[in-house]
Each structure stands twice: as C-alpha cells, then as structure tokens.
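Chain IDs A, B, C, D and E follow the sequence of writing; residue 1 opens each chain.
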Amino acid sequence: MLTAKVIDHIWSTRKAESLNGLKFMLVEVMGGKDAGKRMVVADIISAGVGDRVIVTFGSAARRMLRNDEIPVDAAIVGIIDEDCTGFETREA
Amino acid sequence: MLTAKVIDHIWSTRKAESLNGLKFMLVEVMGGKDAGKRMVVADIISAGVGDRVIVTFGSAARRMLRNDEIPVDAAIVGIIDEDCTGFETREA
Amino acid sequence: MLTAKVIDHIWSTRKAESLNGLKFMLVEVMGGKDAGKRMVVADIISAGVGDRVIVTFGSAARRMLRNDEIPVDAAIVGIIDEDCTGFETREA
Amino acid sequence: MLTAKVIDHIWSTRKAESLNGLKFMLVEVMGGKDAGKRMVVADIISAGVGDRVIVTFGSAARRMLRNDEIPVDAAIVGIIDEDCTGFETREA
Amino acid sequence: MLTAKVIDHIWSTRKAESLNGLKFMLVEVMGGKDAGKRMVVADIISAGVGDRVIVTFGSAARRMLRNDEIPVDAAIVGIIDEDCTGFETREA
C-alpha cells in the first residue's frame, strides 16, 4: 500500500456501467522517492479532499470493494490518523 | 487507475487471434511525477484521440472487457468530463 | 520481494472493517536504485521499528496473511538476520 | 501493454522444465518516459529481432500462452504494423 | 521477466513458516534503464552468486515454485547461457 493525499474528485460521465455510483478520487503519493505520483482510486469510506489515506492496488482493490467483477485496480482502505505524520517527508 | 490522454491508434495485423476486433490506443499519462509514460490500452467505450481517460491495469482490465481469457493488461474504463481539469498539472 | 527498513507505525482509525487488528508499518526500500521508496505493509511476524525486512507484494501478500479476502497488497514475510548486510548499499 | 522493440534472443539452457521449447526475446521499451527499459518476454507469434511489438504483462501473459501454469509474466501479443510510427518518439 | 545478476544470499531466520527451506537471493537488474534495481527472489534451480538469471514476478513466481499458497512474488526461472551477453549494456 502507499500513503497518499486526496487532491480532488475525478468525474467521468461516459464510463463502464459497473462503475456507476462509485466515487473516484485523484490522490498524490506522499513521502519517499515516489512522492508526487498521482493516481485515480475508488473510495467507499468517505474520504475527503485533503485527507491522507492508505491506498491498496491490484486485485486487493477489488477485495476492498467486495466485488471481484469491477474493473478497478486501486482503492482507499483507510484514512490515516491526524496525529500520524512521520511518513510525509520526501526522501532526504 | 491513471489519468491519461489518448495519443493515437496502434495497428497490429499480426497478433493474437483473441485480440481480433479489439481497438488498441496509445495513451500518455497526464499529471504528476509519471506524466509522459506511454502505454497501449484496449478501448471498448469509443474513446477518441485527444480524449482524457481513466485507465485500469492488470486483471482489472480483463474485468472491463468481460473476458478473463484475453491477453490484455490495460483498458480504458471512463472518459474524464471536459470540465474536470485539476489533475493535468505536472508535479511542481 | 524487496529489502526494506521499518520506519514507523501507520495508524488509521477509519479503515476497512476487515483490517481491524492488523498492524501496519511504514517501510523504506534499502539498497539499489529504488532505495528511498516508501510503502505501507501489513506485519504479522512482530517486526519492530529499525528492523530490516523482506516485503512481498500483490496477491502474495494475501498468502502471507492466509486470508484471500483482505484488501492488502504488501506484507512483511521475514526479518533479515543482523549479520546479513551486503544488500544495503545504494547503487554505485 | 507497452510498445517495445525486439533487441535479441535470450538463451537459457538451465531453466524451468515447463519453459522448454518456449522462445524468449529481449525487448526494449519504445517511446515516452519509460523508453530504454528492457525486459525478457515470451514469443509465440514469431517476432524477429528489429520488430516493434506490443507486450502484455502479469497474468495476462499466461492468457497469451494459453497455459496458466507456466512461470511467465510477459509475452508479445502483436507485431505493430510498419506504417504505424507515431508512438516512437521519446518524451519531449 | 527481467535479466539480473545474483549478488548475494539473503538470510532470514524469523520468517513465514511456509518459507522454511526456500533459498532467497539478492539480485540486481542488468541492462537498460532499470539497471541497478535490487530485489529478493526465490531460487529452486541452484543459481549461484555471479550467475546471470531470468526473474519472473507476481503470481507467475508461485507457478515456478509449484505452490500457489506461498507468499513469494519473484523467482528465478532460468540461468542465462554464458555466451549470451547482448543484454548487459546500460541504456546509451
């Protein structure tokens, strides 16, 4: 999993029917050498813009959505507690 | 998933038989540290050159194509709405 | 798998219910060109901050947790012996 | 999938028994930010050195080989038509 | 798959029980833009330090080990013949 910050919503009207009703967010990786990578993730735990989250990838994302037929490869699995901050520094 | 821009069609006459009739597009990652990576993706939602799209990877791409036997590892799952633009900036 | 150093705990109160009771650690890749990448991994073998560990990714991480339904894509599979040090140098 | 150029054959006499008879090629990614990455891929559609090809990764590669038990994670799925050239430029 | 050079053994006494008896090696990617990346791989074909090998990743590695329950995501599938050398150059 990666730690990332929620940047914005991503809106897509023309999309796979199976994605209807699913919320997509743009996140940016925080901390370490990969800081600054952006990706689109599904969110079912009501994360908001500015939240720092844990993102899971691949088939694990479909486990988060409890639906193995959905074409999603990244999902938020947790919101990081506010007093947990050590991971944010970029590589020295 | 990643946000990407559709650059061109990719034509391949000599290919796996199971890929016949499937449309392949060249896309380039938009925004963040990975901006500028290119990949080939399957498209079944009629994306066009210039469209900004959401791409899914791995086994999730086969979910998009509703065919788990096809040798495809990337597919467009949605076309990003035109008024959704915040994701395009490259890493500061 | 990658060799990494355990940097800190990651705390998340609002998370997927299936992750309750699971310990998450922040690790940083050691050695080679990827040194400095950070990721969040599940730990069920009681690794501590400062330990050097082997991390496995993808569906293999769920094998480590012996639960294929959990939305986790990275897990510690071993703690590297203290007298094993050759892997730590960054790319020359 | 990625677009790549076939660079050479890779010969391995001591290898997994299940790989006997399978042809392995060294390819190099063409175009975009990842241009210059090299990988070893299985080929069952008779690609030759110098051909520009589409490569698929992960479990999708086993779909190409129509054998889910083989330890292969990359395979050529198509040879790109000669008059298809737009993808070759490296990131500006 | 990637071409890599075997650098050293990796020793881990405290590890997943299912990994007992399995040999882990540190390898470094050879050739191309990714040269210098290091990873830990399982070896069941008796590769030695200094050997140049082909490494497979993800669920394919479990195919190499013929055990889908083992938490391993990378394995050596072949030792490259000594007279096969073209892949070793780093990106020009």
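Assume a contact is a pair of C-beta atoms (placed from the backbone, for glycine too) under 8 Å apart; a residue touches a chain by one contact, two chains touch by 3 or more.
Given the structure is predicted, the values throughout are model-derived calculations rather than measurements.
Any chain that touches chain B and also touches chain D would be listed here, but there is none.
In this assembly, the C-alpha centroid of chain D lies 19 Å from the C-alpha centroid of chain E. Per-chain CA centroids place chain A at a distance of 31 Å from chain D. Looking at chain C, one finds that residues 34, 58-59, 61 touch two or more other chains. Chain-to-chain contact here is organised cyclically: the chains close a single ring, every chain touching exactly two others.
Starting at chain A and stepping first to chain C, the touching chains follow one another round the ring as A, C, E, D, B. Touching chain A in their complex are the following residues of chain C: 7-16, 18-19, 24, 26, 28-29, 34-41, 58-59, 61-62, 68-74. Of all residues in chain A, those touching chain C in their complex are 1-3, 31-34, 45, 54, 56-61, 63-64, 75, 77-81, 83-84, 86-87, 91.
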